[in-house]
Structure formats: C-alpha cells, structure tokens
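Look for chain A in each of the two complexes below; its partner is chain B in the first and chain C in the second.
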Partner chain A sequence: MTARPSLPALPTFVTGAVRVFSLSLSEMLWSRRTVFLLLVTGAPVFLAVVARIVQSSGIVPLRVNGVAVDGASVFGMMIWVFFLRFIIPVLGVFYGTALMADEIEDRTITYLFTRPIRRGAVLVGKYLAYLVCTSLVVLPSVVLVYFLLVPFSQVARTFTSFAIDLGLLALGLAAYGALFALVGAALKRPLVSGLVFVFGWEQVALLVPGYFRRFTVAHYVQALVPHAMPSDGVASLLQSVLTDNPPALVCLLVLAGIVGVTLWLAVSAVESREYVLDQ
Partner chain B sequence: MTKRTRLFLMASGGILVVGLGTGLVAAYVGGFQNLTLIGSSGPGELAYIPSDARVVAYANVREIIDSELHQKLKTLHQSRSDDGLARFEAETGVDVTRDVDYVVAVMGGAAGTPNQGPPLVLARGRFDEVRVEGLVRGKGGTVEDYKGQRLFTYKEADNQEAVPVAMTFLEPGLIAMGADSAVRGTIDVRTGAANATQNEELMRLVKDANDGGNAWVVARFDALASNGQVPSDMLARLPAINWVTITSHVNGGIRAAVRAETRDESAAKNLREVLQGMLALARLQTGQRAELTGIVNSIELGGEGKNVSLALSVPIEAIDLLAGLAAPRPAPDAPAAEPTPAP
Partner chain C sequence: MIVAAEHLSKWYGQVSGLNDVSVSVPPGITGLLGPNGAGKSTFMKLVTGQLRPSKGQVRVLGEPIWGNPALFQRIGFCPEQDAFYDRMTGREWVTALVGLHGFDEPAAADAAARAIEAVDLTEAADRKIGSYSKGMRQRIKMAQAIAHQPELLILDEPLSGMDPIMRRRTVRQIKDWARAGTSVLVSSHILHEVEAMTSNILLINNGRIVAEGDVHHIRDLIDEHPHTVSIRTTHPHAVARELLSDEGVVSVRFDPGGLVVETARPDAFYARVTDLAASGQCGPISEITSPDDNLQAVFKYLVKA
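Coming up: the complex of A and B.
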C-alpha cells in the first residue's frame, strides 16, 4: 500500500492575510476609487502651490481679520480643514465600507471564500492594503503641502508638529478604516451608514456639550493635533480654549482600542455571516 | 504586485522618506526646537517650580520675537526697545532676541496668606555661563554651594531693604533667577521637594492655556488681587473668582482669551452679567472711535458652568492705529507774541 501524498499545510492566518494584501494592493491602487483619492488629496497640494506662487510675488496669501497668517499656521489650518475634518473620515468611509461590499457587489466573494484561507484573513489583508494605499497617497500629499507652505527657516521649529501630524493622520486612517470595515462587514448599506456617522453624528456630537463627543473618533484624533484650531472667528478661539481635550495617552489608547476591537469584531462578523448574493 | 504598483510605492515612500529626512536634519541642526510630546501639559520647567505656585506665566520668546507684530513694533519703537535690551544684555550677558527661546515666570505662595511669594524666572536658551558668572562677580555678587548647586547671590550693599537676588544654572541652557528664597526653592524642588506637576488643579489650567497660545498666564485670583493690582472698588463688586487664565497668540496681530474659574455657577453667572454691562459701556464709549470699535466688537463673552471667558482679536491694522494714537504729538506752536503797539 502506497502512502497518500500529504496535502500541503493550510496557510496560517497571517500568511493568508499577507497573500490577500499583496493581491488587493494593486487592485485597490489602480481602481476608480483611487482617482477620487488623488483628487481629494491633490486639492490641498494644488492650493499650496497657488499660495506659494502668490507668496513669491510678494502678496500675503492669507489674512484673517486683517492679520497676515504665516506659512506654518496656514499648514496647520490645512491639516484641520482638509485632512482631519474631511479627507481622513471620507477615505475611511469609502474604502473601509468597500472592503467586503465590493466583493459582494462584484460577486467575487465566493472565489475568495473558497480559497484555503480563513475568511477573517481576507478582511485583514484587505484592511492592510487599504491602510498602505491611503497612507501612501495622503502622507506624501501632506509632505508636499508642508514643504510648499512652510519656509525652510521655520522647519526646525515646526518639524515636531509636522511629524506628529503624519503620525496622527496615519492613526486616523487606521481607526476610521477599522470602524468602517466593521460597518461594511456587518451592515447591508454600509456606505450610507458611514456617511451618516461622519457627516451627521460626529459633527453634531462634537458640538453638543456633555459626553456625546466621547463616542466619536474625531474627538480623540482632534485632541492630538498640535496646531491650534483654525481661527474662523473668535468663537473658535473660545472653543479651543474651553474644549476639554483628553490626555494624549488616553487618546492613543482609545484609538488603538478602536482599531483592535472593531477589526476583531469585523473579522468575527465576516467569519460568521452568511453572504447571500443577489440573483 | 505589478511593476507599476512597485513603482508607485517607491515614489510615494521616497517622498515620505525625503520629506521626513530633510525635516529631521533641519530640526537636528536647529536644535530640535519645540520638541514636546503631544498633548504635553506645559513646559518641562514646571518640574522645577514649587507645587504651591500661585502665578505661572509663559512666553515663547522665540515665536514672539519672530512674529510680524514684533517686527512692526520694533520699527515703531526702535530706539526705546533697543536701549532696554542693550542694558539687559550689558548687565546679564544675555541677548534676549538671540539667546532666549522661552521664559517661565512664577510667583510662589506666601505661607499662610493669599499674597504672592517671591518671584522666580526660568529662561531656556543658550547662555555663556562663564560670562554670566564673570558679570555677577564683577558687580559684587558671591558664589556659594547650595545643595550641590552653584548659586550666585547679590544684595545691594547700600540698601538694607533691598531683596537679595540669586541666580543658578539648573541644567545646561536653563537659567533660574529671581529672589534669593525663590531660587533656593527651585533647587529644593530639584532635590526632591514637591513640584508644580503634582498640583493637579494648576496643571489642568496650564495644559489648557498651553494648548491655546504662545504666551499665557495662569494665576490664583487672590494672588493677583492681594498686591493692589485690582482696584479695591472693582474687587468689592466682583463675584468669587478662584483662577484666572490669560492666553494669547501673538503673530501678525494678537488673539487673546481671558478665562475666569469662579467658586460656583452662580458666581460665574454674576460675573458674566458684570462683564456684559462693562462691555455694553465700552461699546457705548467707543462708538465714535473707529480705531477702537473693531477691537471692542471683536470681544466675545462666553463660558459655561463655573467658567467665564472673554476673547478678543486685535489685528495688526488696529495696532498701527493705536500706535499712531500713542505716538507723542508735536507740541502746539507757542502763541504769537502780541504786537507791541507803536508809540
């Protein structure tokens, strides 16, 4: 009796996730969604180029209440207005909710789930691809905006803030992405729910006095920002003075907790949920 | 992974690496200014301040000196400011515009009273210790060892009432100067006495103030009021205030916020009403003066619970106008002498 050839060992969770990551990264980078990603991250770079050109012609590009705003402050303002309040949450929603939803919509989820890897590894691999894809578009955009706006003589003074900006934007992408990966894995219309969360719940909760803001991601991300809140008026200065920001360590722990817990819940949801494809 | 994906990753990663590398080198050459941890609870020098500090003030001298406002004021008052700074440099060997990064000033508590204790100033920057010591000795100062720390002390010989002053280098680039007892106090803190970071109430306010601007003051109101800096009439009418925080950001102009923390919510309500009345009066009185109307109209009253806050913004144009008003006016011509009637 001849021994049956032994079957190759099943890849581990990590190996499976890495394989899905490698496959998904190219797919994600060269998708139509990336055009949107390039547009939203290109807008601040374009504005920074315009500001630089205007500044080199001797005109102050931005004045607030008649006060000339220096390059470092304009950069801080752009981090707040463009990146933190718009780009990071929006990318989290669009990419995070689509991690599983796209496969369902394209009816390709069956092929992924019949591979000899755990379902959860598929989600984690795709999540890692999202993180690398968005980080490698958003962060270089921030670098370009920084060096276009901040004079080189101010780099020494502002570098720490700049490095913190890069770190917290990456952390924001990770937190929003993990949260919306859960939404995408668990809910039927994840994009709508995600947009309602970002542009409805978070906006309202941050303005309402009390504890509601603790149930937002923005509260913890914004508390880490090293720049003053943009001075849209004196009211915003008041807000920045009166806002009771949690300590940095608490913010970091909460954001890490959001990433860990929501990703674990998303993995559990993907592994237990039965996806029925529409006929 | 396709070739173009690899190319994209290399290009993006390259921008990141080059950007971070350039910034890192520039920051290293520039001495890593502002290297504070995210969400830091104020300057690190708070660890040298006694826990009973009643007034803590901070000014980022470097940012303020580099600000557009300072450049403007410098052109307006060139000779006057240069005279003062030159005299300070001659006496201490410290060029404020070049050597000092930031300053923390402190008033401790006077035991058993609400009064301010002796003043202490901590300055972070680049100091020539040998030159400073030479200057102190040259003026008749003495050097002694206090708890392992070299302490320079000086007292005016011909004035018995003069408070003895002292100075020491707590660490390279950090100078502590002020009243003798205050400087000895900071050395005590260095060697184990309780420091300001252990005062939770103070640190909460310092953190808020530090997040909001490049110059700020956190003070117990009774310490401010005890030295007659608040008129007694006004003091009698004000509700009970525990702490006052003044935060300002100096750049092209000045944005400032004053926040008072009262004993309870009803005191805060009363204070808001008092301030509302004062604001209305100020608006009434400045109605005819365009240069002041903008500033007064920018004042916003706010706050919730036990907090009362006032925020205002002074644009550089308003500072130009105010400087114009403050400039000495030419004396009116002497009246022409009465013509002597011809005989």
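Coming up: the complex of A and C.
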C-alpha cells in the first residue's frame, strides 16, 4: 500500500443499496434459483403454446368447464390460476426469505457487513435485485402467454387490462417479496413460515367471512385483477361468493403500505441481529 | 491503541466463546495466536463488528465497532472462510466491493487493479474466482481487504492454503504495509507464521488471553519444558541406544514403528538425529515429527507453567 489517499465520502443509505443491487443482480440472475424460476414461469407458456395449437387447428374449440371460451378469457384464467395464486406468492417466499439467508449460507455476508454501509442498505439492495430479477423472468412470460392466446384482432380491446395485469403482478412481487424479506430477516426457519403463510393462512383467510382476509396480501392483489375469478373449484366458488373487493385506490395504498412497513421492519431486524456463520 | 477490549465476553447460548478479555492492541503488527477453537474467530468477529459483545466493550481505532459501519472506511478485513461469488472474476469482485466504500466506478477499478497487483494476481484477475487455486483465493481475499488502503488491516488466518513461496512473499508484504503505517492484527494457529511477521503476540486459549507481549518471552517459556519428538525407524532400539547418550534426553519410549523421545535441548537433539540419519549407522530414519509444533501442546506447557 502506498501513501494513503483521501477517501471518498461515506456512501449514503441509497448509494449503498444501489451498489449492493449492482453486485447482487447478476449473482441472483445466474443462480440455481433462477432455473427454478424459469421452470415455474415456463409452465404457463408451454400450456399457452398447446392452447394456441389447439385453437389454430380449429378442430376443437377451447373449452373451460365445458364452455367454449376465447383466447382472452383463457389468458385471464391463467393470470388467476398460475400467476396470482401460485407463481407470485411462491417466488415471493423463495426469493424473499433467501435475500439474507443465501449470503449467510454461502458465508459471503461478511464481505458486505464489513463495509461502510448500513446493513439495512444491504437488505434493500438485495430486495431491489430480487424485484428486477423476478420481474425480468415473470413479466416476459406473461407477455408471451398473452400474445400466444389473445388473437391480434383482440389486442386493442384487451390491452388496457393486460397492462393492468403486468402492473399488479409487479406489485404482487413487490409486496410478497418485502413481506418475506421481513420473515427472512426476523425468523430462524423463514421458508417454512413463508409457505405456511401462503398455502395455509392466505387460503383459509380468504374463505372465512369477515375481517381475516384483510390480513392477507392476496386479498388486495386479487381485488385489482381485471378478469373474473375462475370457478375452478369449491374453494374458488366460495371465495367468489364471499369476496368483498376493496376499491382499487385502497388496494394500491395498502400494498404500498405493506411494502414500506415490512421493508422498514426488515431493515430494523437486519441491523439489530447478529449473524453467526458456521465455521 | 488500535483495539481496546474491556472485560469483553461473548456467549453463544450456554457456550462461552470469549471470557472476560481485557486487552489493548498497539499500532504495528500484532499476532493473535491460539489453537483451533480457542476463541480467535470470536475475538476477530467482535473486533470487526460482526458480533455484539454479551458483556464488556470493544473499541477499534477509538470508536465502538458494533453498529458503526462508518468505521469500515478505515478498516480492511480478510476473513478466514473460503467463500466468494464464484461466478465473478477476481477483478469484478474486488471492484464491486471497493465500490461499497463510496468510490465511483473508475476510482474503484483503479483501486482494485492496484490491490490485485499488490497480491500478484494481475494475470489471473480476469478469470472467474471459481477457477482459482486455494492460494489464489487467499490472495484475492487479501486484495479486497487492502484495496481501499485502510489504516487497520485485520487478517484472519491469511496464510492458510498458500504455498511456501507465496507465504514468504505475503509475510514480507504484511511487514511492508506495517512499515508504511498500516496497523495489522493477524490471527493464526501456527507459531512460526506469527513469529515471521511480528514479535508482538496475544496468546488466546479457552476464550481467554493467556499471555501477551514479546513472542521471545513465550518461546523461553516453551523452551523451559521438554520437547517431544517422534522418530519413525526400523531399528528403534539402536536409535534409542545412541540417543540416550545425549545428556539432554529426558525419556524414551517405544511406539509401533519407532520411538518417542523427550529432550530438554531440542536444537542439539535435532542436530544429533540428523547426523544419525545421514550416517545410516542405526538404519534408516524415515520421519521426525514434533507434536510441539502443534500449538495445543504449547498451551499445555503454558498452562502448566
């Protein structure tokens, strides 16, 4: 080391988060988890290709529950069944709970926690990387499904609802990701807790009349969907009967609140918690 | 003082990692020496703010370190664990980490290039870290610690995995950095590694600092006690007969495949055994090992002393 240079100004919280984001994005994009992400988001694309082939052949019309439907309706159903009920919450759980856990498991967290940036900035940077990474895979998958299923003649009519779909899916990724970032930062077994929340609590709370559903993320995300809820089972039927969709503005505010509050709590948890690495 | 700990303790649940340690580390190079599991890593983690003290306090460069990330602008840390973002090249990795100190991209790239050159990795800088040898990985870890030119360098087992030539070179480099004004706190479980860098050491065992100061004093303590030497030979009785005439030999016992000798004069003893092996008068001597090189044995001596 030669003569000590004058050091740059200390990074702010935002600068630190942006630097961690840059460092983490490519690592996240090329991780094994992304292969899982591609498989999950590839399933609806594969089904859309099959549906498109069936539709193009003209031999058998597309039917759902015995009723002939057009491509736009099938697309709406796929948004519900695949993306809203499964892909978005599952990605939120798997990525959100792993934001810090991956660095701890790989024992690379030391390199980030021994820098002149707040630990909270590390979490926020990694959260942003999660958001970009999942959006880069999920949203193109939705676009592909849309253009495979919806005939070109119907694009103008359905494009607004399609844009809303993209927006609400991104919002869903943001809300679930922030919630599970908190779970990951605060709990010892975050993945199990996350899966119980998504496949246990949310499923039950949405079916129970009363206030319980207000303590789910799904309630606010699903209220923004421009497509009718499919009646693909008893649970769906019950849910559609019991549903009391809050106004869109309320949903947007609540979801923004979930992102803000859970991220803030996650930052607080990360800054006060010790991370003991295995030797 | 670069590090000052007062009644510092750390417990992991019911397990004590560090027990009521009060110590002051002066500027310059200080070696933290202790066998595996002695509490070195816990001490290093407390000094680098990764752990919060259960009791007492630790100040680094005059400031408390826990919850004080700004202090890392003045500290470089090379951790023990062999962990990296393996898909990144050495240059990308060091540049990204230096960037976390607030350097803009060109300045971070320059600082990374200088650090990589200092650890002699320039040729491999654009290869993925996953393809590096253990020694190269150690060096790239050193590069990320020195790139922002810190006032205090904390190195946790920095020579582990390096070949002898790179080890010597790294020791020389650490001494050069210290001469240039950087304070260094370096941990190791190998006495001669630390001796090669500094005479100022802290001896840690069972979560306590058991001795501190000049390494030669510690050496003297060790030399007051008999050294145990194990000799592999096909003719143990002939070798024993020859060695028992040496006045420094305290005891001899036979083991399968050889014998174990305790001597009070290790230097003269090693010379005598080397002569015996060279002359071949007692048959072939295939191996000479000394459990005294194991730090755990040193600590047993110290505790007894």
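One rule holds in what follows: the second predicted complex is superposed on the first by the 257 of 279 C-alpha atoms of A that agree within 3 Å, B and C clash if a C-alpha of one lies under 4 Å from a C-alpha of the other, contacts with A are read in each partner's own complex, and residues count from 1 in each chain.
Keep this in mind: a residue touches a chain if its C-beta (ideal position, glycine included) is under 8 Å from a C-beta of that chain, and two chains touch if they have at least 3 such contacts.
Since the structure is predicted, the reported quantities are computational estimates derived from the model, not experimental observations.
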item	value
Fit or clash - chain C, chain B, common chain A	fit
Centroid geometry (CA): angle chain B/chain A/chain C, rounded to a multiple of 10 degrees	180
A:Trp30 touches, of chain B and chain C: first, second, both or neither?	both
Contacts of A:Val143 with chain B and chain C, given as first, second, both or neither	first
Touch count on chain A, higher of chain B and chain C	B
Partner chain(s) touched by A:Ile117 [first = chain B, second = chain C, both, neither]	second
Touched partner set for A:Ser73, first chain B, second chain C, both or neither	first
Which of chain B and chain C A:Val20 touches, first, second, both or neither	second
Touched partner set for A:Asp106, first chain B, second chain C, both or neither	second
First, second, both or neither for A:Asn245, with chain B first and chain C second	first
Minimum distance between Cα atoms of chain B and chain C in the superposition (Å)	8
On chain A, positions contacted by chain B and by chain C	22, 26, 30
Residues of chain A defined as touching chain C within the complex	1-5, 7-11, 15-16, 19-20, 22-23, 26-27, 30, 106-108, 110-119, 271, 274-277, 279
Touching residues on chain B, where the partner in the complex is chain A	1-2, 4-5, 8-9, 12-13, 15-16, 18-20, 22-24, 26-27, 29-41, 62-63, 68, 208, 211-213, 245, 247, 249, 251-253, 255, 257, 259, 298-300, 302-304, 307, 309, 311-313, 315-318
Contacting residues of chain C [partner chain A, same complex]	12, 41, 48-52, 67, 69-73, 75, 77, 79-81, 83-85, 87-88, 96-97, 99-104, 107, 118, 144, 146, 148-149, 151, 177, 180-182
Chain B-touching residues of chain A, taken from the complex the two chains share	22, 25-26, 29-30, 63, 65-70, 73, 132, 136-137, 139-140, 143-144, 146-147, 152, 155-164, 166, 168, 209, 223-224, 226, 228, 231, 234-235, 237-238, 240-242, 245, 247-249, 251
